[in-house]
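Notes follow once the structure below has been shown.
In this document, chain identifiers A, B, C and D correspond to the written order of the chains, with residue numbering beginning at 1 in each.
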Amino acid sequence: MENKIFTVIGGDLRSVKLANQLMADGNTVYIYGFNNAGFEMGMTESKELEEAIIKSEVVIGPIPCSNDNETINAPFHSEKIHINEVFKIMSKNQLFIAGRIGDKIAHLAEIYNVYTIDLLDREEMAVLNAIPTAEGAIQIAMEEIPITLHDCNCLILGFGRIGKILGKMLHGIGSNVFIEARKYSDMAWIKSYGFNAVFINELNDCLSDMDVIFNTIPYMILDTNALSKLKSDCLIIDLASKPGGVDFEKAKSMGIKAIWALSLPGKVAPVTAAKFIKETINNIICELGV
Amino acid sequence: MENKIFTVIGGDLRSVKLANQLMADGNTVYIYGFNNAGFEMGMTESKELEEAIIKSEVVIGPIPCSNDNETINAPFHSEKIHINEVFKIMSKNQLFIAGRIGDKIAHLAEIYNVYTIDLLDREEMAVLNAIPTAEGAIQIAMEEIPITLHDCNCLILGFGRIGKILGKMLHGIGSNVFIEARKYSDMAWIKSYGFNAVFINELNDCLSDMDVIFNTIPYMILDTNALSKLKSDCLIIDLASKPGGVDFEKAKSMGIKAIWALSLPGKVAPVTAAKFIKETINNIICELGV
Amino acid sequence: MENKIFTVIGGDLRSVKLANQLMADGNTVYIYGFNNAGFEMGMTESKELEEAIIKSEVVIGPIPCSNDNETINAPFHSEKIHINEVFKIMSKNQLFIAGRIGDKIAHLAEIYNVYTIDLLDREEMAVLNAIPTAEGAIQIAMEEIPITLHDCNCLILGFGRIGKILGKMLHGIGSNVFIEARKYSDMAWIKSYGFNAVFINELNDCLSDMDVIFNTIPYMILDTNALSKLKSDCLIIDLASKPGGVDFEKAKSMGIKAIWALSLPGKVAPVTAAKFIKETINNIICELGV
Amino acid sequence: MENKIFTVIGGDLRSVKLANQLMADGNTVYIYGFNNAGFEMGMTESKELEEAIIKSEVVIGPIPCSNDNETINAPFHSEKIHINEVFKIMSKNQLFIAGRIGDKIAHLAEIYNVYTIDLLDREEMAVLNAIPTAEGAIQIAMEEIPITLHDCNCLILGFGRIGKILGKMLHGIGSNVFIEARKYSDMAWIKSYGFNAVFINELNDCLSDMDVIFNTIPYMILDTNALSKLKSDCLIIDLASKPGGVDFEKAKSMGIKAIWALSLPGKVAPVTAAKFIKETINNIICELGV
């Protein structure tokens, strides 16, 4: 993708890197919403919102798009950027791409006749994001435990995107990988990949042997009963979005360390995360034939 | 699973091995339909169909169940075993499990009030079968090509069950694995697994570098145009069910070796194939709470 | 390496492929000793030995160089090619490279003032040859056993070149890999690579669980006592050079299948084997600064 | 190993964990040299050096044994423990095991007629230590770089113990692994393991593509010339013991981040490091038949 005109508006370090990468690919890129960044951006910010948007073909908002459904999520900006002002400036030939565009923002877009696409609805984006998430989880485990991951018993709860990729990486480092799932076909996949398959009803029996547990299931699975089976020095890393899958208070009271690690891609690998956003945007543009 | 009563009726070597394994697990097993086997069965066949079925809890037919929709597929038996006679003997408390139970047989089962389950509808069975299929494909490639699979350029067309497992095994041997797919999310998965992702529109550009191509897509993909891009000593192994994905005549006329390899599990690893059938049957029984 | 003049003299299919590859790299190549080949050589043979050798910079003999220490090992030639005639034609500026140049041939070379290098003394050649050897062993196992190598218990006796590479490949396919060794440091390596380490004094205890045993140790290790521990359907593949490591007669009498698989590179992957010979010859030429 | 009597004297956290593990295995363990530890030791320290040693069969000193060749390296102890006093108490039936027993200490041992074994002379110990070293290096890389190791270009300088194990782990995470070596046989090994082999004379050509460089070679290899080829955001992690292989001052002046990471096993995985020491001690005891 090149010779397109993009606007990157608000967002965290990933948005900055995304703007840099789009420019390096030969596109024209306007940015707005970073007046407070305090580091070298590698490009000049537009002075006005309108200036940033008016000539653009694709306007890229942050992930998540907003924390209040009214203003753009712009941690590096000193003033509020109202979403309706963004939409007011945009014409119907422009595309608005951002992450987690909720009902309220979508409704606003309709009113202003703005075409929007949610990055988090893109399956390839979700798959790619599992890579830095898995690496971030491994980094945390390495930092926390006094043993090597090599020859360590690691249990992954859930066999979705993160479970698959995390399992592969842990196996690659030399961990003994156990994956819990609850469908027979997942059991078959887990075995075929060379992991130890733990059917949900066998979970309790294997908990006491585990050194690290990675949870990816977004509902209570490590409850009082499960926690009571663990070794006291077992580490729990919960990667599941709210409400998570761990009774953190109970774990704490039992002296079991449990870490809730969210939004890892932007934290551990912002440049890679930006690259994955860029690739997904390119795919969207290709599909739309913009 | 143990202490159940099974009947294994007809089928190839897998059915024999299945019967042996069920018995070794502590079940009672009747067999019928092997009077011509000519090898040591390890157990005694029932003399009459009725004797074989009458006390059974689960009657297991072959994969595929029938080649003519009228008689049981029984290559080791000298006489025809009519499906309607099997069903006539069975009571409604007995379960009939077999592979590829077509509409006609299903209709017959309804008439006789027999409860049937098709093994090939079971996702875990399909996944597990991809393991011997992938190994069989590797064996054929090893036998046919005068180079090692190590450091060999292998292209897999399609990223379904076989594509995933075959890719993993080839990578494990040291091949340079390329996988073709046509969804962006599949591209993401392929990259995340460390394979070279080939988007469908890039396929033609990479064909000329390939040493072996494994097809898993059941429609014409290696047509005249694609074949013309290949090195003359490129080997094609088609694993797709009918109609396959290769223009075999054209390939032959161009001097390109193309092998259509079907039904590999029963051929290359009947004991493992039988084990996977057994596991799937156990899962069915668990689910039904029989 | 290019623009050199080579002679390839005698040898099996690998020598033919080697000549082809050297020519494809842009060298001039004379060949002699294939008048009986009966297949398309892709190049014209010299009519006389002298014509083939006289202009050459490097004369390449077969692997092994000779079976009788007097004539070149030339299975595709109808007449004998005497080594001393080869040496008589060669000048001291020419290099003679071949495999397994024994004392007698070396002595002859001294007499004729010919500089020789033995390919089998080259460590990189030995390492590279372990690749097709390991693949060949895997192919044989796949052909012989009715189970998949995936999830199969494979024991490798010895942790030398073949043991290491075979272990890696089997692990890559999904086998449960056990490797026997007798040094503590090898135990450490085996564990670090993620295999199951079997110390020599634990060998007897693990034999009964094995589905396939690959031996790489060239002295009797699978003797009557060890064989008596095996399952009757355990397959033995002996990759060790003479005298091998298996009591084959005893195995046969016990109904255990044991295959002595020698010289696999030339048999299973002659083109790759030729490439490895070529790379080694290039290394030799680089080192000598010829 | 059990029912032996050990003394653990001085050392860092690994020594504490080692004492705990030896006791957990069923041995009697005396400890001395931790009066300042400030954490729960899990066992009671002997009050006097003599009390700690007198009944012991094996006295285990730290790694390294001493920093001044006169006193035991005892970071958790408030007073000096003189090596000659340790040796004075020991009888000739006792064994002294520690790491890096230099000439001076060895000489002292001779005078006092004490039998000593240096842990760092044990090959298995060196191999096993490469596992936490490699993981520690990966942890540092993950913490430092804003990209994922997955699909990252990683160059390892040197193909010794650490190079081999680090290469395997990085490959397992999904890095593109390049390994530099200078022997043709190492090139062959590197290729056979599926890594990209970089011959020493090709090194300069590949430097500019690298994202992370891990050095294991203990002499200047990343000098001004090599550093000038790197991307400015390339990270260097030097794992080589003194004098290291990186011109750190030059790197700093060029804005290239270079980290000298020594003694990783004790830092990142003290429990695993202790386990490896214990296994090595067990091997020593087995060999000696003590």
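The working rule: a contact is a pair of C-beta atoms (placed from the backbone, for glycine too) under 8 Å apart; a residue touches a chain by one contact, two chains touch by 3 or more.
All values derive from a computational prediction rather than experimental measurement.
Listed by label, the chains that touch chain C and also chain D are A, B. Farthest from chain D in terms of Cα centroid separation is B.
Chain B and chain C have CA centres that are 36 Å apart. Rounded to whole angstrom units, the spacing between the C-alpha centres of chain A and chain C is 50. Touching of two or more other chains is recorded for residues 131, 150-151, 168, 174, 191-192 of chain A.
Residue ranges of chain D in contact with chain A, taken from their complex: 17, 131-132, 135-136, 138-139, 142-143, 145-151, 168-169, 171-174, 268-272. Those residues of chain D whose C-beta lies close enough to touch chain B in the complex are 150-151, 174, 191-192, 194. For chain D in complex with chain C, the touching residues are 122-128, 130-131, 165, 168, 183-185, 187-189, 191-193, 280, 283.
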